[in-house]
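Same chain, two partners: chain A is paired with chain B first, then with chain C.
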Partner chain A sequence: MNIKEYEKGSFLKPLASVKYLFKKPHTVRYPQEEKPVADRYRGLHINDLDKCIGCGNCRDICPCAAISMEDPSNVRPIDINKKGANPVRPKVDYGRCSFCALCVEMCPTGSLKMSKDLIYTSPDADAFAWIPREEQGREPGFVQDNEITPLMLEAEEMEELEPDVRKKSFEEMILGFSEEQARREAMRCLGCGICMQGCPAHMKIPEYIQAIFDGDNEKSVKYMLEDNVLPGICGRICTHRCQDDCVYQYRGDPIHIMWLKRFATDQLEDYKSVNIEKMPSTGKRVAVIGGGPSGLSAAYHLTTMGHSVTIYEQRSRAGGALATGIPLYRLPIYELDKEIGNIESMGVEIKLNTKIGEDVKFEDLLNEYDAVYLAIGLSYGRSINLKGEEHPNVVQAIDFLRQVKIEGRRDITKHVIVIGGGNVAMDVARTVARLQEINYGSKDTTVETVSLEDWDIMPASQEEIDGALEEGVIFNPAWGPNQVILDENGNIKGLEVKKVKHVFDENHRFNPAFYEDQKKIIYGDYIVESVGQMYNFSFIPEEMLNKLEFTPRRKVWVDEYGETSIPGVFAGGDIVETSRGDAISAIANGHRAAIGIDRYLHGKK
Partner chain B sequence: MMGVVDKIKELDGAKITIQRENRIFVDVDKDRVIGTLYSLKLMGFHQLSVQNVVDRIKDGKFEIFYVLYSHEYKINVIVRTWVDRDNPVIETADKIYPSAHTWEREISEMFGIKVEGNEDCGKPFILENWKDIPPMRKDFDSVKYSSEHFVFRHSEGENE
Partner chain C sequence: MNKSYELFIGPNHPGIPGNFSLKIELEGDTVVSAKGDPGYLHRAFEKAMEGRYYIQNLALIPRICVPEPDINEAAYAMAVEDLMGVEIPERAKYIRTIVLELARVANYTMWLGGLAGTLGLYTLAQWSIGDRDYALDLFSDICGARVYHMYIWPGGVRRDLTPGWEDSVLSYIRYLKNRLIDYDNIFLKNVMFKYRTKGIAVVTKEQAIEWGATGPILKAAGVAQDVRKDDPYAAYEYLDFEIPTLTDGDSWSRAMIRRWELENSLNMIEQAIKKMPKKGPVCAKMPNPLKGYVPEGETYAKVESARGEHGFYMVSDGTGKPYRVAVRGASHTHMFTIAEKVLVGQRLADVSHTLVSLDICPPEIDR
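Coming up: the complex of A and B.
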């Protein structure tokens, strides 16, 4: 066996360890310093109370039921009028929390985070539940990430016709979801219901989206009809304020609620099996003046309550602005027939081509019926007192759109000017673009819009503006019309416009001012004015009109149930102040008035 | 000389899936698990990294898997087997891999799987006084359990 001998070595050798004195130690010098925690440490929560919208998705996802939504006003006041938000904030009970951070992953706004702090002691068990907030000064640890997330942030792509294809006809341009797409889109919904606040009719959006996801389209449409009698129409033309409130907007694309509604209604041939059940007849009779969305909505709900309803409509079609105003490429006639036909099938009588004041007297209606609902809408174009306006080639948008949609007009001149920057102006411009394509193949034609508002404050929706631009509409934002220029033969040569200085004054009131020295001429031979509509109460006798109260904004005054200052006369639709000028507000008004009329007829008032 | 991958491929009654160069799945019947583990240990897979369970509730099965690692070949082998959810019984592997003893205690507590031959299974491991169904089973309703077992704290605590 070999015996290994070790070297003796120098007695200075232990000094070699001296070099470690100047190296950075690997150990943590506790208690002088603390060990740093991991970057994605999941400790006590942090919540930005201003960013949080109180949607409650954190509460719903929590596997331990540790989160409840509570009013934070005793800890810190919040803005309770915030749009698209509930005035509650999450409270976390740390006796239950398992620190899984699903709430943080799920948070649609990204307000909820987890901190690097976990240590908290108290002899009081109630002290372990509080509303997390930024003021507690904790350092963020685990935060959410849009790359790796359980949410499906991207919306389903909607197919639509290409600009050069859709310009050739009035065919509907949005093609609608397939069943697979609709299911996938419905799957994204978290069911928090924040969108219901945005909808004027407060439709049961989470419920009907859930039914679409379950593949039960009938149940889905049943939910829709409870608040909205024209779901298929709203699925096409709604201003979709619900989508503006959808919680997905903060991290991704909002859910296409409107198109999901359209998908479900398109799957049903008729609504016979899903209509609201009719109550037994009460023998009361109600007259509805105006067959627009508000009148139809009131008539449907009154019929389900057992009253007999007659609608008086002055045009040859029911539907109001839906039938006469909205162009065919956005809302086809068959959809109107389907949904208005459904209301008729419930037993509502619609008298077309009947003008109140001429064919039937308003006073007679009051005597003949137990209640009258005024839903005449804003069916007359408003003029702007433009110099040269009386020329026959200067027309109102509402008349022009009606001629094209239901009177079969297909002629147009080559150079058209549209005054206005709202959605109606876009409808006119895009209708003109189609007519020019049909008549002239878009050779040597122009359609231009003139609006007071610049791009940033243009009232038309962005999708309408984009669609119009794609179809070749030329915009002249921030120019105001001055006068119509005529040539020596008396034909229109163009429109003189002047540059806008400001549209709203310091008090945020509409009060446009112009640079009088900055003018230009837009050449064209046909002018469509699309600057707003107004109502016409000439059918109401003088002494009765004096009794009708108006609000300072010249809308009809109504109480919370839609009753005007004349007993038994109710009003709704665009003529009352709660309307926001879209179909869904009118439908909501109609429903509210139906409840009011029912109360009135049962003498509850 | 025969490579280790070829040797694994020759294991009796096993379905081999080579997912990546260094990740091989070996699916076997419940009765063959212990034999397969023993053969693999002899091939050089000395380390049991993880033993755990997936609740395949839709198929009515528990998927039990053993992740083995060889420092020699730098390969992960995952041995998988399935048992009925209604009567989940497996045989202990702690005679081959001693660390399995503790893993088995955990899975028997969290999934309610009975491990024959491991006398410590059934003794409390992490959970205290657990009377509900095992918590990692997918039909365990955690929200309901929390609501029943914990008091709801109403007041906003003064914690600052």
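Coming up: the complex of A and C.
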């Protein structure tokens, strides 16, 4: 820059600007002319009310407290029963909004956007706060970007044993988080609590994840035990409906809530310091029939309420399906011992190898105890009336798994067929794969599953299916078993199957139909039936069983506190309607029944 | 009989550079004493920041300086990054540089209009405010807002540039360089401007150093000091630029320094666009803002604003919210240690343009 020229100054130079008199002005004459608005413009909000889940993260991040979560039903009806959602939607007060769009950045569903429109006038001050919605017809401007976002969309990688390593033994295949990984995973949590709705036990998930993030594992387990007495077990085998609801699922990976739970419990040798405080003794006695998750849950909570509890368990080990059904590679014995030991340490008496109806009479229990809790579960395999299933090499999944898990069975034949497409079938198939590897080094062996359901509707969880595929399990989806084929010596040669036309009929009811002309034979010498389980009420005397009411789906009818139609008899676990067939719902209705029994014992009913 | 009288130049006086007031004592039309009277804008920025998550302050910090909000975002982001030990991606450094220089350009064009306005030439004010608007449109393209960009945030920048944005910037620079000739003709080379500003409100080199002046005031007094050179941040270390200096330290010199820097900034943007990596991430992976605890510690991050050194002193106690944030705005020093002194002896007609020439930005005083 030549400073001299400026120093000199001039009288005439300013006259050069006279030329502008003849130029067109560069101003935009609104509203005759429109000025284009930037594509990323941060104007008034737009929200897709159907996509929005009312998680409230926009409200939490808003620096101006401009967002409140409100019921939108008077502006537009929404589906209030939407899964994993709160029936509220954000309302923005534009008197406060600073248009920073942090709410948009933090929106986990991507429903909230900002529009290109900023112009809104009204003489009414109250008119500047509304529930933004798509019907207002604004054009989207600033939207989310999955590359640059304050949300941590990617989950921590969980280390697990490689398929060829894990097949060699029944060692636990998921290795668990390291402290650092757990902290990082816990850091992802936004604390919105949508997950709590998915959990049947409504565990205090944001709180215990926060405690893990703070490095206070004791506090974390304390929160867990309030609603779930088997947190370490659930940290391994839970069906984790919480994760299915996690808000991160829409734009990234859900938080590994289950494995965080496992991490926190693994850090504690025992739960002595974190157990719920016991109330003074009431002198009341409760009998719990069945030592499964529901029975244990009810027993623990009843003990903390001051009642004395005895659990009657027919097997040599408490834990129900956890102890007998779930394979060792998913749930090791030491974890069962730790958590069931904790319940015992609270003062719960567990009578093993005691069968009601044989060793102890059900009527005696009713007389001896102030209340009885039925948590017998579905401990018998369901048969499908397959032609030839009376052969000794056709077994029930539940028996097979029990033999392997607690009776030490390690023998297996070379070619095994598993009937079923659920998680239990996967457990069986993967157990068989391990046994075959141990016995034969997987040489010349096969394990095949047959399921009515095709891939898209297979009831097993995707991770179980993937795990089974990795371990070499062969799937035959959409084939239905027809009959067992025997060779001339009476040994099983294979299973004849027919192609499935459809599994559900037009009314979405289970009603499979087959193409009778499309048949094939799956060769194998051992068949495990894994098509469901059922209960057995034979221990209850006839006249009393008649008084027990059942629901249309043949589950035991209970009221909201878990009490059956027989006063003083409560029921829970898999035999009631609220169960979803997993441990966590059994734990949940065990807790609910404990509250019900406590009310009953205190005569509040 | 009282020889002097007091005059209140209030916050809505057209000659005051913002929401601020001045109490001056005059004898005839000569200033005997001047006292700045801030407080109209005080929104407790620094205190408010302590109650918010680090990321939430993004909505607050640009408001510390309206004409040039990006310096706050950059200094704040740099302070947080320093505490967290985050290194931002290369492309983000260049984008920050371009945005900061563009903000400087926007600020100087607006300032030129302000100076011309206080000297009675409103034509330039209309021109330059109009030309600044084109810069604001460029900001709007990348971040969606014209004034409060909230574009630079801890970890990098909030979005990548839009396709073709660099070309729009370059064509804006070409346009503005042409316009600057007319600016010079009508105003800076105008003898009236020279007569009104030469020798007015002199801050000598010694005074500037003693009073803690930074930025154009210091450069106009002959000290080549600039944070971009002395303590480079963003991508300034990769750019080739000179620090302009003059020796007189008067109103005229300060105006010239700014005019000079305006041209420098335009050249720096061109350089940065040329050198910027064409692809790559623009934001580092940052922790969840609701749980993004910043490690315990304290730091001071500074940038060169259009007015001088602008810094954020930040103390973290290891939680998700800052324990203390203090903002060092250049205008605070320039008002209370410099303006109050140099106004003494000036004529009333020069008070307004002296304030503008010192570039007093009231939000930086009221934090």
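One rule holds for everything that comes next: the second predicted complex is superposed on the first by the 574 of 605 C-alpha atoms of A that agree within 3 Å, B and C clash if a C-alpha of one lies under 4 Å from a C-alpha of the other, contacts with A are read in each partner's own complex, and residues count from 1 in each chain.
Keep in mind that, in the parts below, contacts are C-beta pairs under 8 Å (C-beta built on N, C-alpha and C of every residue); 3 or more make two chains touch, one makes a residue touch a chain.
What you see is a predicted model, and the numbers here were worked out from it, not measured in a lab.
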item	value
Touched chain A residues, chain B compared with chain C	C
Touching partner for A:63 - first (chain B), second (chain C), both, neither	both
Touching partner for A:119 - first (chain B), second (chain C), both, neither	neither
Touched partner set for A:21, first chain B, second chain C, both or neither	neither
Partner chain in contact with A:74 - chain B first, chain C second, else both or neither	first
Which of chain B and chain C A:129 touches, first, second, both or neither	first
Which superposed partner A:93 touches (first chain B, second chain C, both, neither)	first
Chain B and chain C footprints on chain A, overlapping residues	62-64
Residue ranges of chain C in contact with chain A within the complex	52-53, 55-60, 123, 130, 137, 140-145, 148, 150, 156, 158-160, 162, 182, 184-191, 193-195, 244, 246, 256, 259-260, 263, 281-283, 285-292
Residues on chain B engaged by chain A in the complex (per definition of touch)	142-143, 146-147, 150-160
Chain C partner contacts - residues on chain A that touch it in the complex	1, 3, 5-11, 13-14, 16-17, 20, 26-27, 37-42, 60-64, 98-102, 105-106, 114, 141-142, 145, 147-148, 150-152, 186-191, 210, 213
Interface residues, chain A side, partner chain B - complex	62-66, 68, 70, 74-75, 91, 93, 95-96, 120, 122, 124-131, 136
